[in-house]
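The same chain A turns up in both complexes below, where it pairs with chain B and then with chain C.
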Partner chain A sequence: MKSDILLETKQLKKYYGTVHAVDGVSLSIQKGQSLGLIGESGSGKSTFGKLVTKLEKPSGGEIRFLGRSVENIPERKFRPLRKEIQIVFQSSGDVFDPCYTVGDSIREGLHNYTDLSPAEIEDYLDETFERVGLNPALKNRAAKQLSGGQCQRANIARALILHPQLIVCDEPVSSLDYSIRKQMLNLLNKIQEQEGITYLFITHDLSNVPYVCKAVAIMYHGRIVEYLDHTDNLGENVMHPYSRLLFESVPVPDPRKRTINRELPERVQGENLQKGCPFRGECPIQEEICAETMPLLSEEATGHKVACHCLHKANM
Partner chain B sequence: MKMKQNNTNSRIEVEHLCVEFSSGRHQTKAVQDVSLSVQKGRITALVGESGSGKSVTALTIMNLLPQTANVCQGKVIWEKQNLLSLSGKERKKLNGTVLAMIFQNPAAALDPLFSIGDQITEGILTHRRINKREAREEAVHYLQMMNLPEPDALMQKRPFELSGGMCQRVTIAMAMSLHPEFLIADEPTTALDVTVQKQILGEISRIRTEQNVGVLFITHDLGVVAEIADDVFVMRSGQIVESGDVYHIFEQPQHSYTKKLLNSVL
Partner chain C sequence: MDSMRQKREKKAESFGVQRFSWHVIFRKKRTIAGAVIILCFVFTALFAPVLAPHDPLLVDIVNKLQGPSPAYPFGTDQLGRCILSRLIWGSRYSLFYSSLVLVITVAVGVPVGMLSGYMGGKVDSLLMRIIDIFMALPSFIVALAIAGTLGASGRNLVLAMSLVYWADYARLSRTLTLQIKEQNYMMALKASGCSGVSIVFRHVLKNIAPSVVALATMDIGTIILSIAGFSFIGLGVQAPAPEWGIMLSDSKQFIQTCPRLMFFPGLTIVLIVLAFNLLGEGIQDENETE
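Let's look at the complex of A and B:
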């Protein structure tokens, strides 16, 4: 149903000079659900997150928020939506102004977007800090006086406190150890249940995905190479050779099963990227067509799209 | 108590370290009686809960603690000298030659105003006796080693033009290009996808074996520990609660916190 879609992009593009950071991404997220976005470092995940929060201007394509096209509306008209669309930035250390305490930065957001009294703001701030597992006294510190993981949680608190409809979570738990990570993911799930919040969840930790997300998109070189609308047994279900390589690379917590290798893959670079499949250099299957035409996403099973010419061979 | 040092097998010994922060009347004990050692030719993992004092321990070794920190007790011994009691000038000489650090927050380690190429070559020129052209070649070589696409073009770029994981790899390249004897790596792969992470771990374990570098590898990812560590120290609330070789830690963990860490995979 159309009305259930909170966020939708169509052929969204962002070019920085010759770098095609996001190159025709069409995705949609149902209201109250979460989409996981995973993929190679440098493949355009954060750029996609910045485009949909309107922190970057797209080079082409469409962004719809609650059915309304927002990619070209002026900031003045977009402002009421700002509160509804929050982002937890990937490098949490730089988000907070170094001259202020993290509490001051968060209070400012509350001043701008709500009409809570100063006393209410303080209570609310303390409560939110406790929810993310931080001692409220830490609100009086500058970001650089917090540990990496504490700063990351202050960042999550900053986004949650405004009760937005959508949060782009860009690596929100990357600096957290497993027990706090689990606590944080549980919190995100609980808030989703209670408030119907929607997440775009960008992560390198593949085990997070089924925990939080109903659907997942896998990105390689500016494009979505695989999309699944279900995330159970993800590692076994992915079909694209890149996705398979990704899941095979997850380190196993057993020192007797070491797999680290030294060979760097042969990657497709420069002009050769204009044509054909960008993954072909690293791909175990290389056919003529791979160097000729860019594979497009096509539905291989219900709710499962893959962009690969040679799937029949890849999954033998 | 003085320990006998074995020079052929040089190491960094942190002994009974305590670090406090004071802001106004408040005091935070970040590190309490931590002892650990980092041997050349071995990878020593330091794991533990967020806020447990891992970065503070690393910054103490590097002599990079902020003004508000106070080392109330302990030593950092290298080649029979206590690095904490060297003069500022003597101590400074060691960073970049004997010791190099990969910081937890890569963006903060890079200067936003200068190109990647200028930043890496400057480091190399300060610490190694080679000329400018050679230094640039070295820089490109290390960027390539980090599996960064089109390293020549990357040399011209500034940090904001890079993704989170690309910045992180640049900082690893910067530290490695100095050819240090010890590499202090604070969560060096948190911004990387697992495929690239595997390649970078491969490079770190190669410099350990081939160049006899001693690595202190801070991480919360036990999968990563299992992949590369030789020795493991487990930290909690400012203290080391368990240590041992990697097999011992994974196969016969003693402390309840270590067991919890091992079981707390999602």
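Let's look at the complex of A and C:
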């Protein structure tokens, strides 16, 4: 159903000078189908998150949010839509203005979008704090007086309090230690189920994804190399050689089960990236065509798109 | 037990959100000394009519150039006016004019600087060129030009100094705004739907305020000195007003015969400038250690 599409990008691009951070990404997120966007550092996944929330200006392409084309509308006109698309940032401590308490910062969103009375705002704030598992008394503290986990919960509370339809989670758990990560992921999951909020879940940690997401896109050098509309048995289902490498790179405690034995060769760099497959430098199965033509996403199975010239080799 | 609790409460206070808390600033004795001296001067200026033993303008030629006595604690000047009373009334000129210059420069400079830094691009380039022009103007030449065209008076001196000094605040605010704009919370504010106006005036302003206050406190000493200096050479407040610079200027012919006439106004100016510098440095130190 077309009306269920929350967010859709077409050939979205962001160039910083000669660096192509996001280079023609076309994705769509349906209501209730949280999408995991996986990629290594510098793959452009965070930039993509900032582009769709209009915190960065795209260099080209289209963004449709709730059926409206938003890539070129001025901030003044986009502001009413911001209520529906919120973002949870990676670094939690410095996303709160140090001059105000955490509560003040979160209240500000409510002031901007609702005309509740101060008492109602206070009630609602307390309720939201409780929903994310925070003691409401913490609202009177500065961000630097909270622990990392508390900060990230407050961060989620700030996004949640406006009841958005889509929350972009930009590495929401990577700054936390493992025991808290699990709690946060459970919390995100609970919110998703109870409130019907959809996520764009940006991460480099593959283990998080099946937990929260129903679809997965894998990004390499500003491009989507693989898209799957389910997350069952991800490690076995992915086909692109880069995705395979990603899954093999997950550290395994048992040394006998470790699978990467080969040296990783030099990556393709500089201007060569613009021509041919950007992954060809490291690719174990490349052919001549890979250096010449950029592979495009093509549907290999239902709901499974891969951008690779040499898939016939990969599946051997 | 009780003192433990007090200590803990005190610690909790110092941990608060306000990065600009008074009791942190006044940790050093020098800073307190500066603030106390300033408060004394403010008090003197406010209650000048009560505190001054004589009319500062009352000429009493018979009593001219008298030494200190119970009736005239600092003696009298060449026209027999009470020096102490003139100094007390003079604090009004120095404090009033310097605060006026400061209020105007901050009120103009800070918003212009924040706008320039926040908007960036062409607006920034344009505003920066304007700021550069004003920064290139020497205050002395501007004061001379304004005194020449509009006449020499305290009001025109304030105009001349404001015209030159606002650019400093604009430049500082712009630099600080540029730094704050790079902070992550700016993006978060935008994401939670804050308008540019609210971001600039609620968040940027509050974050740059400590630095602006530190600069202003440091500057006020310079401004007081300049006002006295310009009045000394006749470009500012005009005689017979009991202004410190004028008192110095009037007494320069008696420097050999009656150095007391120069000593007291000079000492007063040194004292107040020193006090403002002590306070300003104290605030700046605390900002840096943060």
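Side notes on the structure shown:
Here is the rule we go by: the second predicted complex is superposed on the first by the 286 of 316 C-alpha atoms of A that agree within 3 Å, B and C clash if a C-alpha of one lies under 4 Å from a C-alpha of the other, contacts with A are read in each partner's own complex, and residues count from 1 in each chain.
Note that contacts are C-beta pairs under 8 Å (C-beta built on N, C-alpha and C of every residue); 3 or more make two chains touch, one makes a residue touch a chain.
All of these numbers come straight from a predicted model, not from anything done at the bench.
In the superposition on chain A, A:Q33 makes contact with neither chain B nor chain C.
Contact with neither chain B nor chain C is seen for A:S243 once the two complexes are overlaid on the shared chain.
Put simply, more of the residues of chain A are touched by B, taking chain B and chain C as the two choices. When both complexes are overlaid on chain A, the residue A:T128 reaches neither chain B nor chain C. Of the two partner chains, chain B is the only one touched by A:S174; chain C is not.
When the two structures are aligned on the shared chain, A:Y16 is found in touch with chain B, with no touch to chain C. Within the superposed three-chain model, A:S147 lies in touch with chain B and out of touch with chain C [touch as defined at top]. Judged by the touch definition given at the top, the superposed model places A:S91 against both chain B and chain C. Of the two partner chains placed by superposition, only chain C is touched by A:Y100; chain B is not. Once chain A of one complex is fitted onto chain A of the other, the partner contacts of A:T198 are absent, as it touches neither chain B nor chain C.
Comparing the two complexes, residues 91, 94, 145 of chain A contact chain B in one case and chain C in the other.
Residues 21, 23, 26, 47-51, 55, 66, 68, 104-108, 144-145, 147, 149-150, 161-167, 169, 187, 190-199, 201-203, 205-206, 220-229, 246-247, 250, 260-262, 264-266 of chain B are the ones that touch chain A when the two sit in their complex. The touching residues of chain C, counted against chain A in their complex, run 15-19, 183-185, 187-196, 198, 203, 206-207. For chain A in complex with chain C, the residues that touch the partner chain are 50, 53, 55, 75, 79, 82-83, 86-87, 89, 91, 94-101, 105, 108-109, 112-113, 142, 145, 158, 162.
Chain A makes touch with chain B in their complex at residues 16, 38-42, 45-47, 90-91, 93-94, 137, 141, 144-145, 147-150, 153, 170-171, 174-182, 185, 204, 206-208, 211, 245-246, 249-262, 264-265, 267, 269-270.
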